[in-house]
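The two complexes that follow have chain A in common; it is paired with chain B in the first and with chain C in the second.
Up next, the complex of A and B:
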C-alpha cells in the first residue's frame, strides 16, 4: 500500500470489448487512468458495462471470456492482453458482488480461506501465517478464524472476501458492487473497511450504487452508460452533473441534487455539497443570509 | 376503513429453535393501506411477513386474513388473498417464458385458458411488461425480472401484496420504477406491505411504517414520525434517508425542517426564503 503519487498504476486506452455471445460491444472506447493511492468510483446503471470493466482489469476479460477486444489495459506497466490471469492475480485483486462467488468452498475455516490463495502461490508457511493474521485483523474478523465461511453473516462474508484479496497484497483492489447484496449493517461494515483502505493509500477501483457513501472516499468517478464513458473526472465535478446523471438513471447524493434544485427552482446559487457535513454548512449559511 | 389483515398477540418460533422470532405482535392493516415494515435482519420482519400470507403459521396467537384464521383455513384460500413477492427473483422464476411464468398461478387455480390469458395480459400491463410475453425470463434485466415476479403474483388477483426487499440489487432506475409501480398498484386498490431496508424508498412511497426489532413491534405510525424518531432508529441500527439527516442537522442550526423527500425539503426552503 503505497503513497498517492504520480505513478500510473492503471492505464486504460480505447478499451473496446464484446463477449463472444454479445451482438454489440459492451465497452466502447473507454479511457481512464488511476494513480497509485487513488480511488476511482465506477458509476452507472445495471447493464452499463461496470462488471465487464472490472473484469478487464484483472484479465478475466479477455483471457477467460474470449470475445472481441480492442485497445489497451496496462497494469503496473504490463499490458493485460499479454499477461496471464495468474500473473495478474498478484497485481489486481477482484472482489465480487456476491461473496459466495468468491469463497472457494474448499476451506473449512475463515483462516484457511484467507490462506488459500497464498498456499496456491506456494508462499512459505511463516509468511502465510503473518499475512493471514494481518488480513483478518484488517477487516475485523478476529475471533472468527475457526468458523466456517458459510456460517458468517453477509457483511462478514464480504469482509472475508476482501481479506482473501488483501492477503495477496495486490497493487490494485477492484470491487464490483461489493455492498449490493448486503443489509444495512453489512453495508456499513464493508464500506468502513473500504474507507479505511482508501484513507491508508490503497489503489481502488469500485463499482457501487451507494453514491452517498462513495462521495466520502472516492477521488475520481467514471460514469458508464451503454458501455460508453459519459463523464470522468474528480468525484466532485462528476457528481455535480445532476441533470446528466439523472438522465441515465443515476441519482447523485440527495444533498447534491438539492443544491441543483435550489438553483433551478429558487434561483439561488449555492455550492454543490457532496456529503452531509458539507451540506449542513452550505445550507445553514444560505438560509441564514437570505 | 375495514381491516384486511390482523395479527393478535402473534408469537412465532421456528421448529427446533428455543428462542422466539416474534414475541406478541399486534398489527392491523386496513384495506387499501401501503405500509413499510423495517428493521434489521434477524429482528423478525421477514418472519412477520411470512405469517401474513400463511407461509408460516403462528406458534401462539392468531393471524386473520379477511377474518380467516391462517391456522385453520386451507393455505390456498390465504394465498389467493395475500400474494408474496420474494426478494430474489431467481428464487421465484421457473418457467421458460414470461407468459408461462405469469400464467402459472391462475392455471393452478383451475381457471379457463381464456381467463388465464386475460389475467396474464392484465398483470403484464399493470407492471409495464406488455410485449415481453415470449421472452425468456432470464434474458430480462434485473429490474424487469423483478417486475415479472410482481406480475406473476398479481395474476392471482390477490387483495394484498407483500413485497420482500423489492429494491435489493436494483440500480437507481430500478428503484424509481418500483416506487412508481408500488404507488400505482396501491392507487388501483391493492393493499401493500413492503419489507425493506431502503429508507429512501420508505420515505418516498409508504405513508405508514412499522419498526420490528428483537421480535417486537417497536414503532408503528406515520412514516414521518417513525423516520424522525432517530434515537429509537439508532438503537435498531437504522439510518434515516439523507434528507431526514439533513433536516435534523439544520434543526440544530435553528431551522425547523421536517422533510422526508427532496421535493418536500425544496418546498420548505422556498417558504423559508419567502417568509424568513
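Up next, the complex of A and C:
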C-alpha cells in the first residue's frame, strides 16, 4: 500500500466527456480524489470509460481528442484544461495497454527508448544518463540496454514502458490495464514492479481487470459502469459489494466471493478478506487453527 | 518476408570503418553530389565508375549486400527490359546510328546506339542515386542520422517521419502477414488467377489501412504523452561534428568536381562513351 499523504495530487470534479464522433457521454459527472502516495484502482467492464478516464488525467482528453468536456481535472494544482499535454508529461506518466504501442519509433535500443521522453523535454545529457540508468535498474531491465525494444518479450516491453514513464519522474503514474495483453509470466513481472512502486509511495492510478492482484496494493477503488461512478472508497469497502460488482460483470477476488457465499448460505458473519493471506488468517481464526 | 521489406528492416550496420565514421552530412552531400554529376553528364561509363566507387565504399563498410539486392531488383530488370526495346527500330524516336544487327527468328533487326545509350545510362543514373542514398542510410546509425538531420535544420517532426518509417514498415509487413493468414483461415483463396488475386488482396489492404490509421493515432498519442510537442530545444545524445576524415572526403569531392568541370568544358558531356546528345538524355 502507498504511504498516504494529505496533499491531494488529483482532484476530479463532475468530469463529463463525449468523444467528437459520439453523441453519448462516456464519462458522466465523475468525482474522486487521490492523495500523494495513494493507489487508486479503477474497475469496470469493457466500455465503462476506464481508458477515457485515464486519458483525461494526462490531458489527452480533451486536448488530443477534442469533444464535449465538462467539469474539472486538477493535477498537482494545475487544471488539465488549461495545461498542454507536453507540460503534463512531467506530472502524469501514462502507461498504455499494449506495450508495443508505446515504443517511440525513434529509438533503436532500450536505453534510447527510456531516454526519448527526457530528450524531448530538453533535459541535460548528464541528467538523462542518470535518470535512464536509474529507471532501467528499477524495472529490472539491466543487461538489455542495447537490445532493440521490438526484441523484448511482452512483460519486458511493458516494464520498458513503465521505465520510460519513471524516467520522467511524474507526480502520478497512470496505467491503463497494463497487464491486459500479457501472458502469466509477463503479468507477474509487471505487477511486481507496480507493487514495488506502490510500496515505495508512488501515486498510482491503475485501471485493471486483475482485481485479485490489485487488491494487494490498492488503497482505494472506483467502479465505473457506463461512464458513471457506481462505487468509490477504500478498496476493502468497494470489494465487499460483491453482488453489485457481479451484477455489472466484475468479479471480486475469489476469497471475497467465498466469504460472501459463506455468509449468504451459512449465515456466518466474518470479515471479508480481499487477499489470499487475509483469507488464511481469517479462516484460521474461525476454525481455531493457529 | 519480401526482399524489399527485409531491406527496410535493416538498420545501420555498426562497423568501425571510415565510411561509418564519416559525418552523416558528408555522406548525404555525397549522395546529392553523385546524383547531380551523373545527371549532368550523359555517359554510362562514368555512371559505372560512380556505382563502382560507391559499391567499393559499401563493401568496405560491410553494407554491400542490401545495396546489391536493391540494384538487382530495381536497376537490372529495368536495363534488361528497356535496352532491347529502345535499341531496336521504332523503340526510341532519336534512333539513327546503327551499331549492329541482331537475328530474331531469321529476321535481322538493326541495333541503334541512341536507344542503347539511353536505355543503359538512365538506369545507371538511378543506380548511382540509390546506392549512394543507401550508403548514407545504412552506414549512419539512427542517433547520428537524427543529429545530422537536426543540424541540417530539418524540422523535428519531419525527422521523426523519416526515421520512424524505417522502423515501422517491417511492423506493417508483419501486420499484413497476420491479416492475410486470418483471411485465408476464413476462406480467402490465394490460388486463383491474377485479376482475382488482386481483388482478393483488397481484403488485406482495407483492414491493413484501417489498422495502420489506428496505429498512427495511437503513436501520436504516445508521442504527445512523452513530451514530443514540448516547446523546448530537444536534447540529442549525439552531436554531429565534422572531423579530419570529413574534410579529406569533402576535399576529394571538391577536386573531383573541378576535374569533372574541366572534362565537361573541354571534352563534353559524354567523355568516355561519346554519345550524341538527345532530348531527355
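In this section, the second predicted complex is superposed on the first by the 283 of 290 C-alpha atoms of A that agree within 3 Å, B and C clash if a C-alpha of one lies under 4 Å from a C-alpha of the other, contacts with A are read in each partner's own complex, and residues count from 1 in each chain.
What we mean here is this: contacts are C-beta pairs under 8 Å (C-beta built on N, C-alpha and C of every residue); 3 or more make two chains touch, one makes a residue touch a chain.
Since this is a predicted model, take the numbers as computed values, not measurements.
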item	value
Which superposed partner A:141 touches (first chain B, second chain C, both, neither)	neither
Touching partner for A:58 - first (chain B), second (chain C), both, neither	second
Touched partner set for A:152, first chain B, second chain C, both or neither	neither
First (chain B), second (chain C), both or neither touched by A:230	neither
Contacts of A:261 with chain B and chain C, given as first, second, both or neither	first
Touch list for chain B against partner chain A, complex	40-41, 141-143, 168-174, 176, 197, 200, 237-239, 241-243, 245-246, 249-250, 253, 255, 262, 265-266, 269-270, 272-273, 276
Chain B-facing residues of chain A, complex	45-47, 153-154, 180-181, 183-185, 188, 209, 212, 249-251, 253-255, 257-258, 261-262, 265-266, 268, 276, 279-280, 283-284, 287-288, 290
Footprint of chain A on chain C - complex, ascending	11, 141-143, 146, 160, 163-164, 167-168, 171, 215, 218-237
Touching residues (chain side chain A, partner chain C) in the complex	55, 58, 60, 64, 84-87, 89-90, 93-94, 96, 98, 100-108, 112, 115-125, 128, 150, 164, 168
